[in-house]
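Notes follow once the structure below has been shown.
By written order: A, B, C and D. Residues from 1 in each chain.
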Amino acid sequence: MKLWQKKYTLNKQVEDFTVGNDHVLDQRLIKYDCAASIAHAKTLKKAGILKEQELKDIVKELNSIIGLEKKGKFNIKKEQEDCHTAIEAHLTKALGDTGKKIHTARSRNDQVQTALRLYYKDELNDCKNKAENLIKILSIFRKKHSTVEFPGYTHTRKAMPSSIILWTDSFIDSMKDNIKLLIHTSDLINQSPLGTGAGYGIPLEIDREYTRKLLGFKTLQNPIYVQNSRGKFESTIIHSLAQIMFDLNKIASDIIIFTMPEFAYFELPDELCTGSSIMPHKKNPDVLELVRARYHIVLSCEFQVKTMTANLISGYHRDLQLTKEPPMKAFDITKETLSVMTLVFQNLEVNEERCKSAMTEELYATEKAYDLVKKGTPFRDAYKIISKEY
Amino acid sequence: MKLWQKKYTLNKQVEDFTVGNDHVLDQRLIKYDCAASIAHAKTLKKAGILKEQELKDIVKELNSIIGLEKKGKFNIKKEQEDCHTAIEAHLTKALGDTGKKIHTARSRNDQVQTALRLYYKDELNDCKNKAENLIKILSIFRKKHSTVEFPGYTHTRKAMPSSIILWTDSFIDSMKDNIKLLIHTSDLINQSPLGTGAGYGIPLEIDREYTRKLLGFKTLQNPIYVQNSRGKFESTIIHSLAQIMFDLNKIASDIIIFTMPEFAYFELPDELCTGSSIMPHKKNPDVLELVRARYHIVLSCEFQVKTMTANLISGYHRDLQLTKEPPMKAFDITKETLSVMTLVFQNLEVNEERCKSAMTEELYATEKAYDLVKKGTPFRDAYKIISKEY
Amino acid sequence: MKLWQKKYTLNKQVEDFTVGNDHVLDQRLIKYDCAASIAHAKTLKKAGILKEQELKDIVKELNSIIGLEKKGKFNIKKEQEDCHTAIEAHLTKALGDTGKKIHTARSRNDQVQTALRLYYKDELNDCKNKAENLIKILSIFRKKHSTVEFPGYTHTRKAMPSSIILWTDSFIDSMKDNIKLLIHTSDLINQSPLGTGAGYGIPLEIDREYTRKLLGFKTLQNPIYVQNSRGKFESTIIHSLAQIMFDLNKIASDIIIFTMPEFAYFELPDELCTGSSIMPHKKNPDVLELVRARYHIVLSCEFQVKTMTANLISGYHRDLQLTKEPPMKAFDITKETLSVMTLVFQNLEVNEERCKSAMTEELYATEKAYDLVKKGTPFRDAYKIISKEY
Amino acid sequence: MKLWQKKYTLNKQVEDFTVGNDHVLDQRLIKYDCAASIAHAKTLKKAGILKEQELKDIVKELNSIIGLEKKGKFNIKKEQEDCHTAIEAHLTKALGDTGKKIHTARSRNDQVQTALRLYYKDELNDCKNKAENLIKILSIFRKKHSTVEFPGYTHTRKAMPSSIILWTDSFIDSMKDNIKLLIHTSDLINQSPLGTGAGYGIPLEIDREYTRKLLGFKTLQNPIYVQNSRGKFESTIIHSLAQIMFDLNKIASDIIIFTMPEFAYFELPDELCTGSSIMPHKKNPDVLELVRARYHIVLSCEFQVKTMTANLISGYHRDLQLTKEPPMKAFDITKETLSVMTLVFQNLEVNEERCKSAMTEELYATEKAYDLVKKGTPFRDAYKIISKEY
């Protein structure tokens, strides 16, 4: 039984095709959809659609679903399509006519967006916490090795003296900028969709402002914009995550190269390395290679929502439903990768001796030119004089 | 116990991070890995590594694994990482020292690529069959409506008279070109990786040519190229599938527009339409919208393997392992979408009356200009004369 | 003569290959590079590198370059590679030893980023102004047609009543969100790179804080981060522009469909339409089709900087230089497209009669269900009762 | 005066916006459009539209345009929009009524595709020649250093012994596969569009087969497919080029790392290196970094045509015109990069001593395990025994 069930039966192949894996993805939306439904029920009560007792019954059942889900006992069936149907079916089974009233003054279109945004806000906050934690660990790493210098590279060639402090600070500052973007994004999507129906409002007086307050959204969103922002908001969310992953990609690239025995500025303990099925001597930085590679998965998620939603007229299209998986995937990857990079910096060792011995003479060529500058030679002439030595 | 197990224990968080979902994806590679291992065992026998009885035992066990997997009874455990470990563990448990010999003269690097290529060849062939089937159904549709004319559009504006034959033929021809690309791609990847080890060969004499013949590959592949082609071959595979999906995207776009009641050149039976949770009157072409949207998923798969594998030096990197999921996803989507589009054309109706009434006068403006041309007016003058009427 | 000229001569083919079109792109950076160089000269004066008169001379020459460029008389030669070399060459030619001092305490690496960020800030502000102007015109359009209702669509099928107000407001609100993102982005990049050299600082005491204030940047940026943010900042810039283009893509998609004679809710005057070389009757919305298509150009610019800069270790690589063109292209496209869309709304007509006659009965099916709800029928039952009519 | 000129004047801003840079891009299509027009004129003669003398005059003028263009004297004006208008305008000016007849039985839609395909075929062939030339130079390099061994890497860690032969052969084989794809692509697009008009044929009897033969196309193409293949064919073309660029990206990545003084297996002569504006000692592999980066430009071209053309119904849209620039850019880049990589291999030196001294003991760990295998130890046990040494 579907929310839109009609007198005819949907072709089985079409049903399988259209449901896809929504019932699996939606599992993580159940608690958010219940929370949104509680607020919605209160608004329906305020509008006179639900009676006091009906509201109580609905709230009780929704809380019970939240409890069941937490214990892994509320599972969406494939034929139910999504969490919305599963929840309404549960309410109707438990409460009869009362359950049949819950979908008043909303459509699945605004309902799913409400649940998604509550989920996004939680996840963005989680990413923020994990990024802050990484910064904390980077700061400890920085302090521990605050006296260490090692070569700075440009064009993958020794350039000028660098240091652990300079290197670590660059990532701390960059991660702080990422956090600002996460906050901006969280603020951007903080708009209440509930009560906008399928994109053209509801032919019934309800107090959207009341629902908004109950759910903690900052503003009300225009009904058509609710639908048109689907994919657009996801695109900004994933872009924000991609910025974090970009930094992790670079850190991983640095450590992969600088833990090579040929450099050995850094060392990764055995417990973080994997081996080869054929070569008995190998200790490989798989963990860092996967950090590096996962940036591209997040990019492909961003790319997908950005192109899938283009060249379409205003209003909901089923295409938009496929924007559900990419942000979920991007969140999972970003959070796990932030955690693993934190672990890496808790275990990364600096080989001070190798760092020191790598501080070879050419790294100071610029300094030599500046010594001439200090004595009055114009820089461009000083540069030419020193360059003849190389 | 891993294939590369050493004296230390891998950090649990790193283990979870590195294994990822490989054990799930690899489930579909089991039969291919067993087939490759049978050929490999025969080559080891030829090289004197395995004795006659050892070979027999190994082949028997590998066939038994194939049988178990078919019944859903051979499941890779997460701690086993992948199908290769699960299979070797099974052999060693069943056959003791004999099992420990199977990984002679190969690495997981060449082993997984062998299994993948056998899998790719099967899937490419499956896609070819499904594309041919769609062509068959298109031909029936074409014949059934061979007398119907309807407006041809450019710039989403009525342009000149078109017909079901012209329209259907365009997709038949295009799908035939896609099939040629599938064949080219299948031919491209038809190179034997087995026996190239981790990318630098095996310090042991084995007859790669014999393995190649047993597995039906066309040529032997250079060991470094085996690794460097990872991602590159997948990119061509997914590009081939994307070309199919591009056509299906366009067909879907056409039908979505032309089944609008405002046009109604085509009609989709109720059984293929889904409804709305709020609007009682709706019959929506979700199935076609998802066809359209899924093109972009395949694109994002292609994009991912194309960027993830760039800016890396030669040889295997763990990054390459993440090129496993995108082609699997792209195959699943393409095959299912080809099938559903076949279903659509088995059920799509043509509203001849609406087609006819849509053949309005302006569609013949060009014909009017050509009537003047036939009477001797230079085309450019004829064009100007007629254009004044509009 | 290059800034890095050595005793050997660069291979001609390599020179052509490496210079590329930098000398063309850099033309628009001249004024920003001069402004940055003026601030830099003042800082050099403060550090005792330049004398009072030397500073005066340099400032005068740099202002003269700004003037020349404005008149189209300062052109970078291909063999000069970029604006930095052209400007230093001019100074050295005009001022001798004084000119040779200007490159003290900086590298082209921090210099180009300073010029780029001044340019970006100007362009982002320009985009903001153009977006605000579009909002202004949308508001006028909205007011002019404030009583008009027309069908709202979901799944490209008539759904529920919509209106010009609802439709226009959705784009106004969306564009306001875009403006917030532009501001966030402008704030993000508002970090002073000057004085960080090639990414590892300058072996000379200079007052970066003073330069920062002179140039109006908000903070100082870590030297390694300056280089590592190349591509990363560009990615956020282009993402911000892509969000604007996404909205314009959707507006264009709406108008293309709804100006079809089959709908004719909107009308585009002839002066904004182009014709066909063969069909005398055609009036095509090319302008809107190009708006739609240009979103994808901006996306491809974003994609390029996002992947090109990945999988690289910290520090400058020449790869990063190719992140210069994509944001320039994206700015040009976005600004021009905002302007053209403003023109479209200044000329777009609403056909009130066609809008009205399109308000067919099924658009009110949901209202009918809600009439039953108001009389006490649970919504789900009301939905089923009404759905039987369709 | 435009080909579609009507009684009204196109808005100036719209004109600028729609013309874009077509007049610049089309410069390289002039000779192909003239060649196609000559064939078209012959077909018009056959159809009785042109008289013998008219044909002669037209052919003469078209050949004269080809000659003028070669000398840089046939320049398309912006107000002419494109090469087609410029050429027809020239014919009409020179030949009066005869010129006005050339556009009979064609539209710009099939005309531009004909010119583009002739251009594509030439360019694909050029790429093939350049790829073959690179193979030739690689073979010489391979032979010259045929005795040199150097370390093979996996996970950016020393793995097993490799050699110049193994390494060079991997790229030779890969480039040969690329050439096969170029040939496949050239064959795919070898379909004659001319005479299909705007996508729905021409209301006049003409011998398309005759035109096809004159132009050397392999088959005739369905009129709607001609338009629907726009973007689709370009996507396969750019994909083919991206495969070449992928290989060059990898070669460049290898050489950038292995020319680092820390490795120095390879050496790049000074004449191929560029310097720094601040660091006097630097010799940078900019040429290789740009090779590496340019892969991503080609990818972004592919991406653009793949997404820009999706979600659109059948038939021409102006969006498709923006698929013109990406393949041109991709061809230019690929050809130039192939040439520069050929130059690199003509100059790349191998430091045999550094290669030799890098062949450290752990590279032979696998060989040690195989020594045990040869004495009868099962491989998995041998692996464990040897792994204890590391």
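Note that in this section a residue touches a chain if its C-beta (ideal position, glycine included) is under 8 Å from a C-beta of that chain, and two chains touch if they have at least 3 such contacts.
Computed from a predicted model, the values in this text were never measured in an experiment.
Seen from the Cα centre of subunit A, the chain whose own Cα centre is farthest off is D. Looking at B-C alongside C-D, one finds more C-beta pairs in contact between the chains of C-D.
The geometric centre of subunit B is 25 Å away from that of subunit D, both derived from CA atoms.
Mean C-alpha position of subunit B lies 36 Å from that of subunit C.
Distance between subunit C and subunit D, defined via averaged C-alpha coordinates, is recorded as 28 Å. Annotation for subunit B: residues 5-6, 103, 109, 154-156, 159-160, 197-198, 257, 275-276, 278-279, 282, 284, 286, 289, 292, 296, 299, 303, 307, 310-312, 317-318, 366, 383-384, 387 touch two or more other chains.
Against subunit B, in their complex, subunit C makes its touches with residues 154-160, 256-257, 260-263, 275-276, 278-286, 289, 303, 307, 310-312, 362, 365-366, 368-369, 383-384, 386-387, 389-390.
The residues of subunit D lying in touch with subunit C in their complex are 2-6, 8-11, 13-14, 17-18, 20, 84, 103, 106-109, 111, 197-198, 270-279, 282, 284, 286-287, 289-290, 292-294, 296-297, 299-301, 303-304, 307-308, 317-319, 321-322, 326, 336, 339-340, 343, 347.
Remark: subunit C residues 5-7, 49, 88, 92, 97-101, 103-104, 109, 152-156, 159-162, 166-167, 169-171, 173-174, 177, 180-181, 184, 188, 197-204, 221-225, 227-229, 232, 235-236, 239, 242-243, 246-247, 249-250, 253-254, 257, 292, 295-296, 299, 303, 306-307, 309-318, 366-367, 370, 373-374, 378-381, 383-384, 387-388 touch subunit A in the complex.
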